[in-house]
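I have a structure here, written as structure tokens, and I will follow up with some questions on it.
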């Protein structure tokens, strides 16, 4: 069957401004997403990022707090799951234990109603007739579906007697036999061992190709996402970080989170000297990015395989370094190389022994520049005393150079290096939860979430665990306070 | 001689011995006494009396009827109650479910006395109706608890899968929820049906001359020495019934996986 | 709209069922403060008084029955807890014969109480007349019977906890030089304390609740528990002080259950807090 261009590229699922709040926690934060017909789309993110919630809202098990979900141009936001043209493969399969394999697969078919022409009712109106599938039709479809997943002889088997991989196949057959417009898969391979996973990945891709329907796949496994998908949607903290092809999200991550989450990476902070030129580790590198402000601070990512390793006396490369560790990984060596205080992860087919001095070279296309999510912590606050300012529910000392009066509303800014975290919450002025940490070679960039719903970014050499409670102290010398009114004027100018 | 080294399985040995003496042997005694006549000789007379004397037979059938009726009524009240308790938003409050079970921990004779006072106040005459109310009142928690346990422990993804495959609420209930909760239902039935046979205290307190259960008759037979044989024979018949229900319930629960019935559900909420 | 209606209907249903369950108990509690002989009699409630509570302590037979009930309950529940826990541990490591033991203990649970009662009755006769052991029916015999009846419930409560333990725990004890008994007491039992407490509570309440076995095995020399005393005195003249006893019992049960749940919840909270910080 030939499809028109519109049909092929139209949107089968649209998620519009969807927000989901569970017990005062925003799990999905105003997400917009369009999925095109026939694509294999993966929702990728760490556990708890909201990807499964998004899938469950598309399936209809969870209602959004606000926003709309549209499937095939029809608003299904309030529609119960049993009316939606989608079917789900559940995380732990959810095969009905009281039914055998055949009956599990036939479950949806027995409920299905087919259009069966039209008839005229007593009042003379034309009504669509429907009929149920006949027994033999059901048997044919079930057997066909079981054959597709390679379980044609398993119909009479008890589902609990099957292995995990077989149960997975039955779950897929049960969903596909209903001929959904969209197949939703919620971490379907999570419970399988590595080899089985790889096999199933290939099979799912094959099925997707053969059936031509849309797959929406949820996983936290970035490798799985990159292997299988047409489009990867990276989600974190209930917000979409990036949408793109696997190649795009790998080669051109939108921000430091995506770079860190997908693939192995060296993430550094640098400064754009000018177009096509970036400075980091006191060295200026050529790059392929432009359009940043002069001297704008940026994050940048260098993939381990994009770093070339040369002999110390070769005169090649831009950085001098020393090999710390080297591990053979089958086809390449993975090495930790320290250069200008940063520990690079390098993958190379040439080996360098630990302790050896080497030169590192990075080509322009090996450097990917990302806008910094934030360069400084900024809060609105109020001067509360001679040398104190109130922000984020705490009173902090600061150096009141400008002699701001008590009660002045101020914009307070603190550099990432001006924040100190303490193990014991009571040692800090305020308390907060650690929400993210990102290793940047020589230090960690930690993100914390205060009880007043504000974020701090901190550069620290200590490692902090996500979810920990910490105390927050600020370096008085590094707090800058400007009266708010002035700032508003400045912006207008 | 080979020295037997200590194994942790030996910790169970004392109980094995105790079971042999105090559980298995008494049942054998029941069987033996069932064949001993009032003069101390071997006889089939006792069983003959059980099955020919119409008072024994009708009482047995009547007891089965009361037990069946009690079970059905308990089920009809307990299942919807358990379903509501296991549904949102009620499933958030464990205390709510606890309220339904707490009377179970109060002495049952005192509980029935309390009911008796209420029925007296409402002017309900002692007899069949009062007896049935008493039976249901007493056994309802035993039906409720296993069903509630099964329903709350049921993975909600089964219901979701059913809805996902096109089943609406009613179809999901009859095709998924109900069959999957059969383990709890069977467990509840066994915890109500057989115990009614022994619940002569309830018929004694709330019934009249026409309402009695077989347990009361057996108890009475052992108050005079000459009728131990018939009492034992009747007990033996009950024992056969017990094994029969045990067999049937095991058969059904074996076919309904995922839900494990156990008598420990009686203490379930307390834990 | 539809949702709210369904919610209201469900609440209503629960409240009706609850009302039916608690109405009799509430009535007894209310009338435990009235000295009237009959609830709902011609004289109504009469005046508010604690006289029934005072009277409770003067009814010697009732006091004795209460003491018997408590003694039998505590002693048999303690015995059942230890026997049941030991057996659970044994069964856990047992390879052959496990099914048979479980089957026999299951018989005790599912058997008709009256048959169990008859069994104990005949056993006492057999021991006295055939083996010539002078068994006296009474408190001692009832403690034994109640222990046998309640032990399977302790096993059913403790065994699941045991299955959650690391199977190598006992071996680790042996490996580190503790003998079998020492391993059991220092390694396994501390892990089972929660299960043992639940098992004890269950055994105790089952013993308190028992009527059928007690009634046939209490002997003829006037030994009574609350159940059998109340049932027997129904025929004659029921002391209204029984309402005070019921109230005390119910309030105690309620208090214990509430404390149980508060403790349990506090524990869970502490646990989840610890998990949160270590995550």
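By letter and in written order, the chains are A, B and C; residue numbering begins at 1 in each of them.
As a working rule, a contact is a pair of C-beta atoms (placed from the backbone, for glycine too) under 8 Å apart; a residue touches a chain by one contact, two chains touch by 3 or more.
Since the model is a prediction, treat every value here as computed from it, not as a measurement.
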Longest centre-to-centre distance from chain C, chain (CA-based): A
Chain pair, most C-beta pairs within the contact cut-off: B-C
Separation of mean Cα positions, chain C and chain A [Å, integer]: 54
Distance from the mean Cα position of chain C to that of chain B, given in whole angstrom: 16
Intercentroid distance (Cα basis), chain B paired with chain A, Å: 54
Touching two or more other chains - residues of chain C: none
Of chain A, residues touching chain B in the complex: 59-61, 80-82, 86-88, 90-92, 94-98, 107-108, 111-112, 160, 174-175, 178
Contact set on chain B toward chain C in their complex: 6-16, 18-19, 22-27, 29-30, 33, 77, 80-81, 84-85, 87, 89-90, 94-96, 98-100, 102-103, 105-111, 113-115, 117-118, 120-121, 137, 140, 190, 194-195, 197-198, 200-201, 204-205, 214-215, 218-219, 222, 228, 231-232, 235, 238-239, 241-242, 245-246, 262-264, 266-267, 270-271
Chain A-facing residues of chain B, complex: 155, 157-158, 160-168, 171, 175-176, 179-180, 182, 255-258
Parts of chain C lying in touch with chain B, wherever the complex brings them together: 7, 10, 13-14, 17-18, 20-25, 27-28, 31, 38-40, 83-84, 86-87, 89-95, 97, 101, 104-123, 126, 144, 148, 151-153, 156-157, 160, 170, 180, 184, 194-195, 198-199, 201-202, 205-206, 208-209, 211-212, 215-216, 226-227, 230-231, 234, 238, 242, 245-246, 249-250, 253-254, 257, 260-261
